Amino acid sequence: MLDLAYYLIFSFALYIVGIYCLATKRNLIRLLLGVEMLVNAANINFITFAAYAAPGFVDSLGHSFAAISIGLAGALSAVALAVVVLLYRRYGTLDSDELKQLRG
Amino acid sequence: MQIIDVAPWLCWILPAIGALAALALNKVNRKAMNITVLSTTLLSCIMTLLMVPSLLNNSSIDHALFWFQIAGAQVNAGLLIDALSIIVANVVSFLSLLIMIYSTKYMAEDPSIARFWFFMSLFLSSMLLLVLADNFILMFIGWKLVSLCSFGLIGYYYRDEKEHWIGGPAPFPFQKPSRNGLKALLMTSFGDTALLAGIIILYLYSHTFNFMELIQTAGTWLPAMAATPGILALTCVLLLLGPLAKSAQFPFHEWLPEAMSGPTPVSALIHAATMVKAGVYLIARMLPIFFFAAWVAAPAYPEALTFFIMAGAIGAFTAFLGGTQAMVAKELKKVLAYSTMSAIGYMVLALGISGLSAGSLVAGTSSSIFFLINHGIFKVVLFLCAGVVIHSAGSIYLDHMNLSTKRMRFTLVSMWIGGLALMGVFPLSGFWSKDNVLIACLESGQYAIFAVAMISVVLTAFYVCRMMGLAFHTGTPDGNIHRDEEFRDRKLAEDHAHGEEGHWIEILPYGLLAALTVVIGLVGPLVSEFLSSAFSTYYANMGLEVAAETHTGFLGLSGLGLEVLVAAVSIVMILIGAVPAYFLYIKPTSNPSNLLPQTGIRRTLYNFLWNRWYINAFYNKVFVEPSIWVSKRVQRYIEDPLNQAINGGIPEGFKWLSRGLSRIQTGKLRINMLYLLVTIVIALIVLWLGGFI
Amino acid sequence: MFTLPFDLLLIFTVASPILGWVSPKQYRAKICGVFAAAALVVVGVALFGLYQDVVANAAVYLPSNALNFATLRVDALSIFMTAIFLGLGFAATIYSIAYVENSGRTPFYFTLILALISGMVGIVFAGDLLALYVFWELMSISSYALVAFFKEEGTPIEAGFKFLIMSAAGSATALFGISLIYGLTGTLNFEGLVAALSGATPNAWIYLAAVFVFVGFGVKTAVFPLHTWLPDAYSAASAPISAILSGIVIGPGVYALAKVFFTAFLPIQTAWTLAFAVLAVVTMLIGNITALRQTDLKRMLAYSSIGQVGYMLIGFAAASQLGLTGTFLQFFNHALMKGCAFLCAGAIIYRLGSRDISGMQGVGRKMPLTAFAFAISVAALVGLPPLCGFPGELTLFSSAVQADLTWLGVALLLNSVISAGFYLRIVYVLVQPVSSPAVEKIKESPLLMLIPILALMVLIILFGVWPDPLVNFAGDAANALISLGGNP
Amino acid sequence: MDTAIPSILLQAVIVPLIGALLCAFLGKYLKRNTGWIAAAATIYSTALLAYVAVQLWTQGGQLVETYTWGTIVFQLDFGFLADGLSIPVALAMSIICTAMTVYSINYMDHRIEHLYGKDKPGTYALYYALFLLFPVGLIGGALSTNTIELFLFLESGLFPFYILMDVFGYKDRHRIAMMSFVWTQIGAAVLLIGAVIAGVKAGSFAITSLSVLSGTDLGLLACGLILVGILMKMGTFGFHVWLPLVHAEHPTSIAAVLATIVGFGTYMIARLLFQNMFASFQLFSLPLMILAVVTMFYGAYLTMGQDDVKRLFACSTIGQTAYSILGLASMNAMGVEGGVFYFISHILGKAILFSVAGILVTQTGTRSIKEMGGLAGKMPLTATLCLLGAMILSAIPPLSGFQAEWILFTGVFMQGLTGTAYMILAILALFATFLTAVYTFWPAIRIFFGPTPAGMEKTKEAPLTMTAPLVALAVISVLIGLFPDIIMHFLTSVF
């Protein structure tokens, strides 16, 4: 089994990529992907910690949390996609920078 | 209850009721109003007369009632009845009564006479309160109220119609009655402020406001006061400033000439006979305290002499100052006003004398009070006559008068009696009191003051003769008066036929008083003797026992010899003043304007005197104009910029800040997410720098 | 299953769309609205029963007191928060009945409101971070949908999307932080966290977890600089939703931060109190100063909410029982005041059809009751006694002084003065004489809108004049949290 | 002491509040007569307070009413204390409010008609309902027993103050309303900071527990903050920029009440700092005295330069409140008694003067003194009232100003004897009072004396409801002036 550190580095990296994606990308769908990445970074943490909780055992709490979290992320995505569709209908674009009616 | 317990209270409460009655009855019935006011005045006068018996038995009664409490003490309201207060109260109420009678005719046609009665009655009430009060606080109430009444009466013609202006003629400035009232109020207020400071300092050491207690306990509190050098002198100065302002003494004398814009009875009562004497009264009232400090206490406190030196010097100077100005005045009432200043200068001077040597206390005080009585009487005569004269002549300027000596015989005679008494001609009342003052000067060794007083006698003789001459005998003017339109406008509406004698109701009061002047003159030495004995008992009761009179007299003379000498010298002095005036104005041998070339030293002197020594101008330049200058600029240069900076600037700043900060809200989703990232990064950096991770 | 009130709430939530489908179309809005309102009342009654239990036992656990299971734990704080949620939710629901009358998708609207409230109640009932997160997502998703609900207009959708992305990123960040906590302790139960971490010497991971949790929950709380979604979402959403969002959706964020920081992160308290102090000041300044020159009425109120969040953070900085009392009290009062203000603003906009403040001159003369309630709520927001804003600010200020952070209290008062600058502007515009024909036409708000507005106004005055019961309740709530953290 | 009426102090505070509600609901129907409801409420409060005062006079001691307000988190009693300090102050303020309510009836009629035209019944309800919050705040503030309660009552007048300015004020009223709100709010905030610091550290917000901190470093801080807060509310030099504007542009009936609110700081300093934090407060003697003297002169010169009749009296408030501060700064019983006495006297005078200004504005239609003149013949009663007001301010007996002023200055000179600097300040201050006569009488003369300008011939006397309350105030002032024991009996019992 690999050292815990590698998993953690991976999850942190995933998190950073996700945030970077959110902070730079302008396509609405990509933004959703960025959010998914963030959630998954956390999920990986849960799985990893569950595995490393006690030698030879897997902590069920971490796994269940990850499973629930995936489900919740799915719900989120569903709502988000619905909003994106509505947005596209109204604005005719998927560029987030075009959404600038609200400012100041 | 004895009459002496009630009379003092009634004598000042009655006129107050009269004052209110005047307002209440104004719309109801004028006649009833006049009668009510006169009867309250009469009753008040009777009440003061009822106090005279206790003057004869030299008692000093203090009626005190609980008034109110202050931290750690209480203040009582009481009336003090002693020689000083009885004499002054009688003078006030008697003169008031006569002047009120005179006014019923003089002011009869005035539409707002209720206001006149109100202020006159209130004045009488507060003047009596001032005189009878047994403590500083109660006295001060009367003191301020008389100022207020004076304000109301000087500005009686508040609409400032041209005929009531005073001053001029053009190009010299005219002053309006309303402004003159304010000027009088403010100048006396300035003195009052100082007086109040003095009273308070006195209280802080003595813990009492009561006049009698102040003197009785002086021995215990004076050491504490004298422990700090300067305090006693400061108190002297502060306490004197109030009376000096009230009595129109230098440097506060400037309000009096312009106070003549009030109705003539007002000038007679307030600005000649009574209110201006309040200062003299108060100095006399406070005098024992400082006399005690300067001469009786052991060790003596020489700082207390400040009081007497200041009074003597200022009194003498004002006597001279007033005399010089009266010599050139063009308005009849102003001549009398200047002469009032001068005469009060005499009284103040005499009071100063009384403390300048250990032995002249009684002589100084009694001569001063004697002068006060006499001056009150004959100055009222002069003013009341002046009222009739002005009505008759239809002008306030002496140059315009030239009245008939035939048709106005009563007025002429009365006025001459008053004038001669003012000059101090034997055997009228003024002679005795003036000589007493002069003797007191000599006896206490104050030769400088004596000399100034003597010069003033010359001046008095001159201006009285000039005034009478211009008014009745020749009417030859002495200046090159600009007889332009403005000047002609100043003539009063001619409601009397030119040169007509006054109504008998008007003549009666001043006739009576002129007679009284003669009577007092005839029994002068007796009155003088009576006053000295009254005051020596008065002071003895206070414990101001002074060693037997040790002065050696002047040139080895004393007693009768000295009196004769002084009388002789003063008669000479009167002649020195009167003779030139007689030949210039009464039986003119040359035109007085010939004495005044357009330029030259005499012209300069004339201008100097005419412009009142430039003192008024100086005050205007130094106090009035800068104050106005400053007040106009405070708003523009301090208040407005502050307002701009704070009330305008700070909101502007916030607006600017708000504009700047709202740029954070870009509306771009990417930037928002960047904030999130940055937050995490900064948090990590801070933690790292803090050594936490 | 989840205690009676919560069970009821969930059942009603599920039942409401069904009811909507079966009910006749023309009455649908009214029926659903009344149903939702009635549901909240029933839940409120049930909550009172639960409150008796909590008073008796300090905390009610479900299903058991085991450390490693998802649990609900109901204590005084939970009851306190739930009461606010239900109360303002009820007011907003009543109000909505009038507001959404003409909309086609009425049942969903009320379902979403109930779901939102369920989510929030779940959060405050949660006994561990797992349950908390689950209900957090329930709340979040409902709120996204609600912001974007009236999709006919453009800005709600835009605002909803921005809100969604930011908030979801925040939730994910919080989840990341929670995962780190899990890794550190192996448990998510709050009592377990206290037990596991209280004795431990702080290491880097715990700080790291704190940062992620703070950022995650901070987004929902709208702490500077994570507040940028808030003005958009509040101003674009419909009035009752704005009221709920502003009044109570801040609550779960504050609650979650408090719950985590006063249990798991107590060992590193010294590090975060100062951070909260600084953030409190910056947040309140940003909120209040930016609000100064807003022209959109709802946007101005939205910014002022950010300022209010700053006030609430003072309790964190003070980190004492008094401070938390102040935070919860301020939260309660803010729910009343800002709820009322948003409802009034909604009513005005509903009648006038415009949000521009300068166009509202004279509205107060046409809608006097609404304007009066607005003025009262605004005065309360400034913190004027005897209105309910004052006790909250006083408590917070006292706690700051007590914690030797007087400057923080000074900042609070200074901000309340600054805030007067824009709050009063609204009042001033409303009392102006009528100047435009648009205003000339309008009339007083509909009764159903007026009732919740006036009810809230009365509460604002009532709790201002007689704050003691409320202060004590908030004090109990703070005590519950403090004692959970182990230092009573 | 005890009284026959239960909860008498609570009643005195609550009744105007109930009156306010009545006015709010009935104003629409009663229109201008709403004022009589308001007047009834304030008269009732005044009567109750007068009754308490009489009881206090005869029985001595003090009357305390306590209602529990906060129990657990904060120990707060909602108490009312009537003692020798609070009763005269509360009574005086209540009388002013009563007089101003009656005065308003005609004045506001004119004002509302001028601003909004006829037939705006709602505005009457608004005005009187808000106006009645002033007596609530002022009476309650004077009777408070803890700092939070005091703050509460102080602030309760603030919002009405804002709205009234905004709705009924004169020129530039919106900006000034905002400004006044912010300024007084800042003042209140600073005051609150001090009070809370003291309260938290002393463990109780009761005013008496301030004494726990007296003399400590913390006490000095709290004392300083409270003082600065109060000085801001009192508009001393440096903090005064709001006062002339706010004071001048308010409807005059409110301006009179504002003078009361401004002067109320005197009471607060006496109650909070002098009575309870003396050891800390006395360190402020010299700076406070200097500030007071500067303010007196500044206020005097500022006032002298004014040509606007309302602004004139507004500016004079700056200097006049500084007198009271001077008295308090003298740190002895006489000074404080004088300071509080002067405050009471000043509000009587200022209420008269402001109302006279209001009468002038309503009757002549102009505010500029330059356009006025000779009005004494047209409106003799108003002229008399103006002069009486001027007499109160410039301390001319027999009005109350004189008694207050000499008592005050006795205290100041007592401090003056302790050092040369104090002495110089005392004498300077006394001469500043001389300027009062200049800036009150001079304008009075310009307005009422002299020839009547062309446009003013038709000016008439004001109706009786406007003058009668002022006459009553003047009579009260005369009574106090003649029998200062009416005030001093109470004040000496506490200092």
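Each chain gets a letter, A, B, C and D, in the order it is written, and its residues are counted from 1.
Operating definition for what follows: a residue touches a chain if its C-beta (ideal position, glycine included) is under 8 Å from a C-beta of that chain, and two chains touch if they have at least 3 such contacts.
A quick note: this is a predicted structure, and the numbers were derived from the prediction, not measured.
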Notebook entry, point to check: So which chain ends up in the middle if you average the CA atoms?
Noted result: D
Checklist line | Interchain centroid distance [CA atoms averaged], chain B/chain D, Å | finding: 36
Check: Hey, how far is the Cα centre of chain A from the one of chain C, in Å?
Finding: 26
Check: If you average the Cα atoms of chain B and of chain C to get two centres, how far apart are those centres in Å?
Finding: 77
Check: Taking each chain's centre as the mean position of its Cα atoms, how many Å separate chain C from chain D?
Finding: 42
Next item on the list: Provide the list of chain B residues touching at least two other chains, using ranges where the numbers run on.
Entry: 662, 665-667, 669, 673, 676, 680
Margin query: For chain C, give me the residues that contact two or more of the other chains.
Written below: 161-162, 165, 169, 173, 231-232, 421
Checklist line | Topology of the chain contact graph, where touching chains are joined (line, ring, star, complete, other) | finding: other
Checklist line | Touching pairs - complete list by chain label | finding: A-B, A-C, B-C, B-D, C-D
Check: Which part of chain D faces chain C closely enough to touch in the complex?
Finding: 68-74, 76, 116, 122, 148, 151-152, 155-156, 158-159, 162-163, 166-167, 174, 177-178, 181-182, 185-186, 189-190, 192-193, 196-197, 199-201
Notebook entry, point to check: Inside the complex, what are the residues of chain A that reach chain C?
Noted result: 11, 15, 18-19, 22, 28, 31-32, 34-35, 38-39, 41-43, 45-46, 48-49, 52-54, 59, 61-62, 64-65, 68-69, 72, 75-76, 79-80, 83-84, 86-87, 90-91, 99, 101-102, 104
Next item on the list: Report the residues of chain B in contact with chain D in the complex, numbered from low to high.
Entry: 67-72, 137, 140-141, 144-145, 147-148, 151, 155, 158-161, 176, 178-179, 181-182, 185-186, 189-190, 193-194, 196-197, 199-201, 203-204, 228, 231, 627-628, 630-635, 638-639, 642-643, 646-647
Checklist line | Residue ranges of chain B in contact with chain A within the complex | finding: 662, 665-670, 673-674, 676-677, 680
Check: Mind pulling up the chain D residues that touch chain B in the complex?
Finding: 179, 241-242, 244-245, 298, 301-306, 332-334, 337, 374, 376-377, 391, 394, 396-398, 402-403, 405-407, 409-411, 413-414, 417, 426-427, 430-431, 433-434, 437-438, 441-442, 445, 448-452, 483-485, 488-489, 492, 495
